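Each of the two complexes below includes chain A, the first together with chain B, the second together with chain C.
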Partner chain A sequence: MTTKQLIQNPFAFIGVLLIHTCRDARAFLTLVVQTLFQLVTHLPRKKETIQQLYFVANGSLWTIIFCVCFAAVVTMLESSFHMKLVIQNDSMVPGFASLLILRELGAIVTALLLTSRIGAGMAAEIGSMKVTEQIDALKMLGINPIRFLIVPRLIASTIGCVLLSIIANLVCIFAAMIVADQFLGYSNGMFLTAMRRFVDFQDIIFASIKAFCFGFVIPLVSCYFGFNCRTGADGVGRATTQSVVFASVAIIVLDFVLSYTFSYFY
Partner chain B sequence: MIKYKNLVKSFGTRTVLKGIDLHIKAGEIVFILGTSGTGKSVLLKNTVGLLRPDSGEIWIDGENVSGYSEEQFLSIRKKCGMVFQHPALFDSLTIYENIAYGLRKHFSMAENEIERRVEQALSLVNLDNILSKRPGEISYGMQKRVSLARTVVLQPKVLLFDEPTTGLDPVTTNSINTLIQSLSRKLNTTSMVVSHDMQCALKIADHIVVLDQGQVVDQGTPKQLLESEVPLVRDFLEEARNQ
Partner chain C sequence: MKVETKVGLLSVVAVVLIFVFAYLVGLVSPFSDSYDLNVMYNYAGGIEQGSPVRVMGIKVGKVKSITFVPDFKMSGNGEEVKLQVKISVEKRAWPSIRQDSRFFINLAGVIGEKFLEISPGSLDQAEFKNGDTLRGEDPPRIDQLISQSYGLAGKMIELVNKNEGSVSSMISQLDKLVTNFNKTLVLLEKTSKNKEMGRLVDNFIKVSDDLVYLTAGLRSKKAEESYDLIHKLLFRLEPLDGPAIRKFLQQEGIKAKIL
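Presenting the complex of A and B:
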């Protein structure tokens, strides 16, 4: 159907949209299943996986530390300001802030920053490989492109995201502690006592599970868009943008689903 | 060697190949000519399973490969080497690793034997002293030659060339075309070359096939094509004369 016909007929428009969505979802799920199959049945390429892990973890470390520090400062100052405004008391801020940092902020800020950095990079790299026929060349050499390209990135991203989110949580808590001490008048001891009252060990486990899931989703979405990239520089650009948007949305939705699921364990 | 029977391939509503019937004999150098978008590259990619036909049959060495799975195509891809329009070298690997990759994958060879085969393949394409370089450190023309070396090192029975001279200067174009001819004769392979270059086709092809809008409009030996009355073939010949 032409675009004009689709605009004139809303039912046809919805139908076409539905068909395309189902087709894309099926293609994505096929890629996920194939990737999991390759992950389980073959040993990963060690050198490539280590290189990717270095790219993911080391390359993103300082950006993440820088951003989570500011996120911690804003969280502390804003919560204190509003609590003082409403209940004229900010004594709960260190506890609440620690909880927020461990349950949400550390993992989600890390994942979103990784999406914009490594997710975009993966989509652009694989998209360029598709456009320049390198993926076809891999197939001609009898190499499975999923095993060759996605599996090392998936392992590196998952491990990297968990490690980075643990570091991000530690740095974020440390930054929050400094803000509490310098601006809100709560000593480090008071901060840690409040934190112990609010935070459980399972919060740290749940945060790591979230980071694991986010790290798993980023390369799958990015590689999917890279593999389905259209020809030309325009195609690579579009694939990169779509991968960042869809991975970010997927992380936010997944965060909700996981938080909702974890709420049954409290 | 390769037979296409009523091969049809569409992308969405656009039918690119409209019932191709073609027979490529063993040891021949066949040029597939045609204007852009007539389905020349699609024909090559269907041959090795990088694209799948909607209907029709492809026979390679007596095997009907049209319904083959990805796994079944592995043996066909061992037989058929393909040189792409782009050099398609892996940027993260050195030239040596690029050429040796297929050897490591398909044969259990000692490293010194791999080294010997890689050097031999590079000398076939008139290159040396670039083994430790990465693709980004050599010229585009050299990358094309390395791509050719990566394909011939596996000693395929069939060589498929998808516009091997696109984006190259006339001198390099000429040397690549000469290379195609000498390699095909030296290695005794069947070669299919997708090209726009009638002049070169007349010089080195055993058989020329002209495609237009997904159909074979004319085919024959270079001598026969010179006598063709098909307007598109006349246009190509005219263009070749003006070069």
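Presenting the complex of A and C:
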């Protein structure tokens, strides 16, 4: 059906949209299943995995630290401002701001930054390989492109996201501690006492589980769009954009689901 | 530096940071030096695991665990206490806690945080040993108190409603009583200022003075001797009856007309 016909017939438009969505979802799920199968049945390529881990974790470290420091500063100052506005007292701010950092901020800021950095990178890389028919060449050589390309990225991204989220959470808390000391007048001891009132060790475990899930989703979405890239430079750009958008949306939705689930453990 | 080394270094940093976090939230405390105490309650008023423990208002530990022990009896008096709150207390506060210290559950802060307060004991009492079990002071059941006072208020209202007439008449009578009492008081005040009344009081005082003099005379030594003499005389006169007295008087040759 042409675009003109689709516009004239809205039912056909909805139908085509539905069919395309189902087709894409099926293709994505197939890719996920194939990747998991390859992950379980074959040992990963060690060198490639470490290279990817270096690209994911070490490469993103400073960007993430820089960003979460600012996120912590904003969280502290805003929470203090709001609490002073509402109950004229911000003594609880260090406690619940650190809980907020651990439950939400650390993992999600890390994941979104990783999406924009490595998600886009992976989609562009695999997209160009697809456009230049390197993936077909791999198939010709009898190499499974999923095992060769996606599995190392998946492992690296998952491990990297967990490591980075732990570092981001702790850096965020230290930044919040410094802000509380310098701007709000709460000494480090007071900050830690207030933090202990709300924060438990399980919080960092939950944050790591979240980071694990986010790290798992990013390469799958990016590689899916890379594999289904249309020909031409335009196709690669489109695939990159779509991968970042879809991965970000997936992370936000997944964050809601996980937060809702974890709230039963409190 | 090789790529593997850098990645390994990052992983080590992350693992170390997890331990740092565990230390910060108090999950692992390798440098801590604290003792444990088991405080028994029947009602713990909403205290939670991790709630602070304070001695004289200073935080010195936390609640480590709360366990239900349905068959526990205190060793001293055999009292059944069913809730065991295990607390840790830092060594620096340990000498302040003695056998006569009391373990309260209190409420503090804007959000109503619960904590376990330990009152300092007296120096002549012995210190506790690590892991001792002792009885805490059950906090008052505010909810129970409120429901009881609510019930009481309801009953009072019911009582007043049922006996509305008698209650109002009682109040009016009380009012009259108070008015009368007030009048009496006013009269008394006036009387105390009256001249005749003053004279009466003066005379009364004089009479009482005389009475004092008289009674003092009655208690003097002479008076006592006179009582003795009279007593002896009466004793001697006791066996005498009418004929004996007549015979005596006849022997004496006295004729008394009166006999």
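By definition in this document, the second predicted complex is superposed on the first by the 266 of 266 C-alpha atoms of A that agree within 3 Å, B and C clash if a C-alpha of one lies under 4 Å from a C-alpha of the other, contacts with A are read in each partner's own complex, and residues count from 1 in each chain.
Throughout what follows, contacts are C-beta pairs under 8 Å (C-beta built on N, C-alpha and C of every residue); 3 or more make two chains touch, one makes a residue touch a chain.
The structure displayed is predicted, hence computed values, not measured ones.
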| item | value |
| --- | --- |
| Partners on chain A (chain B, chain C) - clash or fit | fit |
| Of chain B and chain C, the chain that contacts the larger number of chain A residues | C |
| Partner chain in contact with A:118 - chain B first, chain C second, else both or neither | neither |
| Which superposed partner A:89 touches (first chain B, second chain C, both, neither) | second |
| Partner chain in contact with A:175 - chain B first, chain C second, else both or neither | neither |
| Which of chain B and chain C A:141 touches, first, second, both or neither | first |
| Partner chain in contact with A:132 - chain B first, chain C second, else both or neither | first |
| Distance of closest approach, chain C and chain B, by C-alpha atoms in Å | 15 |
| Chain A positions touched by chain B in one structure and by chain C in the second | 51 |
| Chain A partner contacts - residues on chain C that touch it in the complex | 3-4, 6-7, 10-11, 13-14, 17-18, 20-22, 24-27, 50, 59, 109-111, 113 |
| Residue ranges of chain A in contact with chain C within the complex | 50-51, 53-54, 57-58, 61, 87, 89, 91-92, 162-163, 166-167, 169-170, 173, 192-193, 195-197, 199-201, 204 |
| Complex interface listing, chain B residues touching chain A | 45, 48-50, 74, 77-78, 81-82, 84-90, 92, 101-102, 105-106, 147, 151 |
| Chain A to chain B touching residues, read off their complex | 48, 51, 132-134, 136-143 |
